[in-house]
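Paired with chain B in one complex and with chain C in the other, chain A is shared by the two complexes that follow.
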Partner chain A sequence: MATFLSRSGPFTDPDYTPEFGLESLVTSKVLVLGAGGLGCEILKNLVLSGFRHIECIDMDTIETSNLNRQFLFRSSDVGKSKAIVACEFVTRRLARRGLTLVPHFCKIQDFDDDFYSQFSIIVCGLDSIEARRWMNEKLVSLAATAGRIIPWIDGGTEGFQGSVKLMIPTITACFECYMKLVPVQTTYPLCTLASTPRLPEHCIEWAHELEWPKRYPDMDFDADVPEHVDLMYQLAKERASQFGIEGVTKAKTLGVVKNIIPAIASTNAVVAAACCHECFKFVTSCADNMRDSMYYNGETGVVCVSDPYDKAADCAVCASLPQDYVIDERCTLGLFVAGATQKFGLQQPLFFTAEGDLYNSKKPDAFATDIPVVKLIPFADRVAKVQINIVDSSTPSTLKLILKVQ
Partner chain B sequence: MVMAYIRAKKDLQEYEEIPGISIKYDEANPMRIDLEVCPNEGLYQGGKFKFVCEVPEDYPNRAPEFKCLQKIYHPNIDLEGHVCLNILRNDWKPTLTLQLVFAGILHLFLQPNANDPLNKDAANDLSKYPAQFKRHVLNAMAGGYVGDEKFDKVVDYPDRRYL
Partner chain C sequence: MNDSDVNSKYDRQMRLWSSSGQTRLVGSRVCVVEANAVACETVKNLVLAGVGQVVLLDSERVSGEDLATNFFVVPEDTGKPRGERAATHLGELNPDSTVLHDKAPFESLLEDRSFWSQFDCVVNCRLDPCVPLIDLLWALGVPLLHAHSIGLYSLVRLYCEERTMVETHSPRADDLRIDAVWPELQEYVDAVDGPSLAEVPYSVLLIKVYQGFMREHGSRPGTKEARRRLAQLGNGDNVEEAIRKAALVTKRSSELSDKLAQLMQEKVDLATASPFWVLVEALRQFYEKHGVLPLSGSLPDMASNTEEYLKLQSIYRAKHEADKEELKGLALQVLAQHKRAEQIAESEIELFVKNCSVLEVHRGSKNVWSSEMLSESNPVLHNTNIYFGFLALNTFHKEHRRHAAPRDQSEVRALAISELCRWETLKSFPEGLELVLDELLRAEGTALHNVCALTGGIASQEVIKILTNQYVSFDNCLTFDGVRGQTGSWKID
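After this line comes the complex of A and B, so read on.
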């Protein structure tokens, strides 16, 4: 890596020095989210690229079906934590001076702001949209409220297609800005399932959504119980033969009810490589990063492009960032509401926290407006411990306030 | 805070009352809404149809789910309470709101649709024997039988007024 980083090229930043690149590479702390199909590749790539301090979070355990592509795992590892086994394998196989890999066998939601704040950059190979949205909100809020901007690179694959996003919270488009590109999950009209099935999927969804609760009212379907999958397969098969539909197999049944997307090892490798490459360029500054996002399609021919992507003006996370709002210690709910309504030009706002409504202008009588705000929500060191959200028809986004007592 | 929660709160705050629909929910849990549909015209006039609406964790990327809590006779609602409405499934868009899907549910009662049957017998009656369909609707709403099936009473007046 020293050889690589010491050469300049036509795209190298004029202020770049090899010392800076190398120093950043060995001192930066990288957090890897997910130690599955992408995570295994990412961990291996980052260590081979010269990163020294890596932590990894994954809440899952290893399953037999992972072994074809999650190459850090062996059949004797089935049932163990992905994060722990992956970090141990990489440490053993690629041992070098100063390398530390720290696994965390838990959910990303188990960690607080202080934990995330220690990282220079995050590389994310999660398979859940919900987890990424959570991470996104956390990182945008860290940037907005604590000035701690942690860039993150998100990789995702679906069969032969994959994408990479480079996101710098509050500066570039955030994950939520991209949500409008996420296709809505395929669903079939219930009446098609009930009356005019044409596809094997129609038969399986019919069995899953309509027939199972009728046939087995006291048994909730669990896709992880093999006997349940067998019963579901039988229901779907009977349905298919009634309508002369071919192609209902057990594998297809499991695929539809669990919404399994086939994972392709080569797609994971391509996407993980692009993620780590962006991570390497960002940390060392040795070359420019791509603008915003990359898309890879290996399904028909090979297409690979990178695309700029602008922030969404109506993004629920980054279009309106949490902002400080200073109040007097004796400020009542009524005064606070009136002040905020005037300041932000609200029409019929609802003020609420995670616990419930603080004030609803549609039901003004339901709230005691003469109580000081400091008695209504918890404060620590004169700063509110919960965020106040305001929704109002005057704005497509949500206003978020962090109250501070003067 | 979870986006779905905030979006549900926003939808409900901007909800403008639809004649024929009343909604109830716990302010701390906007993810479950009780809906009562009282069509003020059409064949189902006078009935009070209870639904529960569940907002999924990935709302608005996934449509809210509805279930009718009573056993009713309707071409687009089956005997278990499943509802067939295009905007709740294949035509769902994240830009749709709770307001619009509530209106969609009411619309099913104002204009039952024989082309998307969940209750095939009811759809068949509606398209081929409208007079019989009307009789069946009134019977079922009063808590009576249609064929071998007994339905839940959804009207306020004494039992079997129409029989």
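After this line comes the complex of A and C, so read on.
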């Protein structure tokens, strides 16, 4: 790494200097989200890439089924915090001067803007789509409202397949822009479950969705309690034998009720390494970054391609960021509406804030248009304290304005 | 190892390769040559997956460079035997796996057939592809992977004479036989009429429409005509599904994929061929006789009531069993004709019949290099340039006993040209090769951990495919370009 960074290559930015490359590694603060299959690899990779200050968040504890890939954990660690055990292991193994690894055994939602703002870059190995969407909204809003742009790199895997996204909030496509590529989860029609089951999965979903609440009204099903899984398996098996359906096993039952996704060490290794490699290039500028996203598939041969990905024009997160709108102190509601209507090419807009409607062009008489806007909504330091939303048939997303007085 | 052992640490991977694959991993033995970062990352993934035994062959001592790139050596190991130290740290990952080390110099083992023949697969992580090793393992029939990384680039190459793959896990087209029903299915289809039309799976409706049209016109219906007729059968869920799947009436059950047709034409010596080829010969005879392949026996889920679905399922399963028995009989005949006494396991025949439409065969090559690779029409020219760069650096390293550095630029370029001219007359330097060579020289033989980890991930995945004999291997060369973040793969003949 030191030899490599001490020189420029043909794909290095012309302004690159070795001092910059090495210095950025030492001074950057990297946040790792998740200390699971990807997270363990990511922590190892980042330290061996030369990063010195790394923090890691994971709310989970170690389970036996993690051990086929989460190589920083041993059977004796089952039940302990993933973040803490992973950071301790890497610190012990790679103890070097100036290395700081800080674990956080909690949810990503437990932290505020100030916490996230301290990081130069984030590498994300979370398995939950919802958590990544939350992170995405947070990072896009930090970029849009505070001008704090924190790039992040997201990895995901499923069996032999994986993907990597390099996202620079407000500049490149955001996580939400990619959501249309996420496959919808298989669901079965209720009538199939209730009256015409054909597959073992139908019997298991019947037990899970319909029968459990009836049979055990006072007991919420918990897939992590072995007795619950046994009971669920029995219900599904009874159902199957009643209809003469074969193939209900305990492994299949658990797979369906927990929505288990197959996971292997090799795919995690590939995807985590690709994430950290992009992080290393981004921070040191030692070579160009890949295009926006990479797709990996090792099921038939080896496919690993990277492609540009455009922002989605109708993205609910980054396509409708609040924008500043400057008005005169004496600007009346009528003038403001007319101005915005013209500027954004609106047809029949509705203007509203969290407090209620401000102006509805379908009911023009219901609003007094000759009152100055500064009297209608609260301002502080010449900036509106509430956001004005505009919906209109001309645009699929909500237009958001922050008023500023000239 | 058992598929119902849900508390197993292997649960998440056995959902891919099942207990049969896991049992093969547990019983496997792999040798990894050199204990550098690519090697140790490969071994890490193999040990985690539960591969029974790994032997690290290495005679170096732990250096500062190792500490900078390899997770499986620690500062206290400095100066100690590298293979031994790495084996110790890697062995801690999984009590089910044994990681051994061997300090014998690699060169001293190049004629030792008994050493290499104990392995199911060998991974060579040195810069040198080592032609004598390729020749020896080829002769022994042991698959060999070559994997190495320098700077932003890496390569993985598979040397293996023949790979015959049955459990390819390739998506199979539904084998519904709309145009090729057998007596038991015909009987079932004929009995369905009137109100029971609303209760049966869509495949039955498709068969009815297909046969009706055939009777009237003596030819197959098109998709549009089939949709029109299906729409008259009511508006149940099964009719809706049938309309969506109407194109199936145009599918010829007798049609073979090009790949499979070619496979059946291959000339093999059946007196010595593996059970796979005996079964392929049986398959050829079966197809010649019946004009269709043996039935796989699996039905997709189709809207219908439970009873009718299960009835239909048992008809397809019975036919599958009958076809399987017939294929088995043919295979036994082939064996008898060639005076072979062995049997083919029932489970092997079952897998073969289930997958007979998606079989894969790869024939490898011992050549390190082939002349077509740098032609203008090569779609992965940039990636073959990287491969070629590794070969040029290896030649330099052999001559100078050190890694090429930026100051060696002109010599490495000259080497590259003379190397290329051994294979073909060059009109010009291949486009982009100079940049790739410069990028390789920048690292002066050193590696970046992330590129090593990625390469070890790919190499271990390919070893697992070989050991489990499941999924489809890459065929047979790839390089990773760490600038663009992608691999390119091509076949060297």
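As a convention for this text, the second predicted complex is superposed on the first by the 324 of 406 C-alpha atoms of A that agree within 3 Å, B and C clash if a C-alpha of one lies under 4 Å from a C-alpha of the other, contacts with A are read in each partner's own complex, and residues count from 1 in each chain.
As a working rule, a contact is a pair of C-beta atoms (placed from the backbone, for glycine too) under 8 Å apart; a residue touches a chain by one contact, two chains touch by 3 or more.
Computed from a prediction, not measured in an experiment: that's the story for all the values here.
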Self-check item: Partner chain(s) touched by A:M219 [first = chain B, second = chain C, both, neither]
Solution: neither
Quiz item: Looking at the overlay, what does A:A338 touch: chain B (first), chain C (second), both, or neither?
Solution: neither
Practice problem: Determine, under the contact definition given at the top, whether A:T187 touches first (chain B), second (chain C), both, or neither. | Solution: first
Quiz item: When the two structures are overlaid on chain A, which partner does A:M1 contact: first (chain B), second (chain C), both, or neither?
Solution: second
Practice problem: For A:I171, decide between first (touching chain B), second (touching chain C), both and neither. | Solution: neither
Quiz prompt | Touching partner for A:A146 - first (chain B), second (chain C), both, neither | solution = neither
Exercise. Return the chain, chain B or chain C, that is in touch with more residues of chain A.
Key: C
Practice problem: Figure out whether A:A274 sits in contact with chain B (first) or chain C (second), or with both, or with neither. | Solution: second
Quiz item: Just which bits of chain A does chain B share with chain C as contact spots?
Solution: 189, 195
Quiz prompt | Residues on chain B engaged by chain A in the complex (per definition of touch) | solution = 1-3, 5-7, 9-10, 13-14, 27-28, 57-58, 61-63, 76, 78, 80, 82-84, 86, 89-90, 92-94, 116-118, 120
Quiz item: Where on chain C does chain A make contact in their complex?
Solution: 3-13, 15-16, 41, 44-45, 48-50, 68-69, 71, 74-75, 92-94, 151-152, 156, 168-170, 237, 301-306, 309-310, 406, 435, 438-439, 442-444, 446, 448-454, 456-458, 460-462, 464, 471-475, 478, 480, 482-487, 489
Exercise. Under the touch definition given earlier, write down the residues of chain A that touch chain C in their complex.
Key: 1-4, 7-11, 41, 44-45, 48-49, 64-69, 71, 74-75, 93-95, 159-160, 164, 189, 192, 195-199, 229, 243-245, 249-251, 254-255, 260-270, 272-274, 276-278, 280, 287-291, 294, 298-306
Self-check item: Residue ranges of chain A in contact with chain B within the complex
Solution: 129-130, 133-134, 137, 176, 179-180, 182, 184-185, 187-191, 194-195, 209-210, 213-214, 316-317, 348-350, 352, 354-357, 360, 362, 387, 389, 391-393, 398
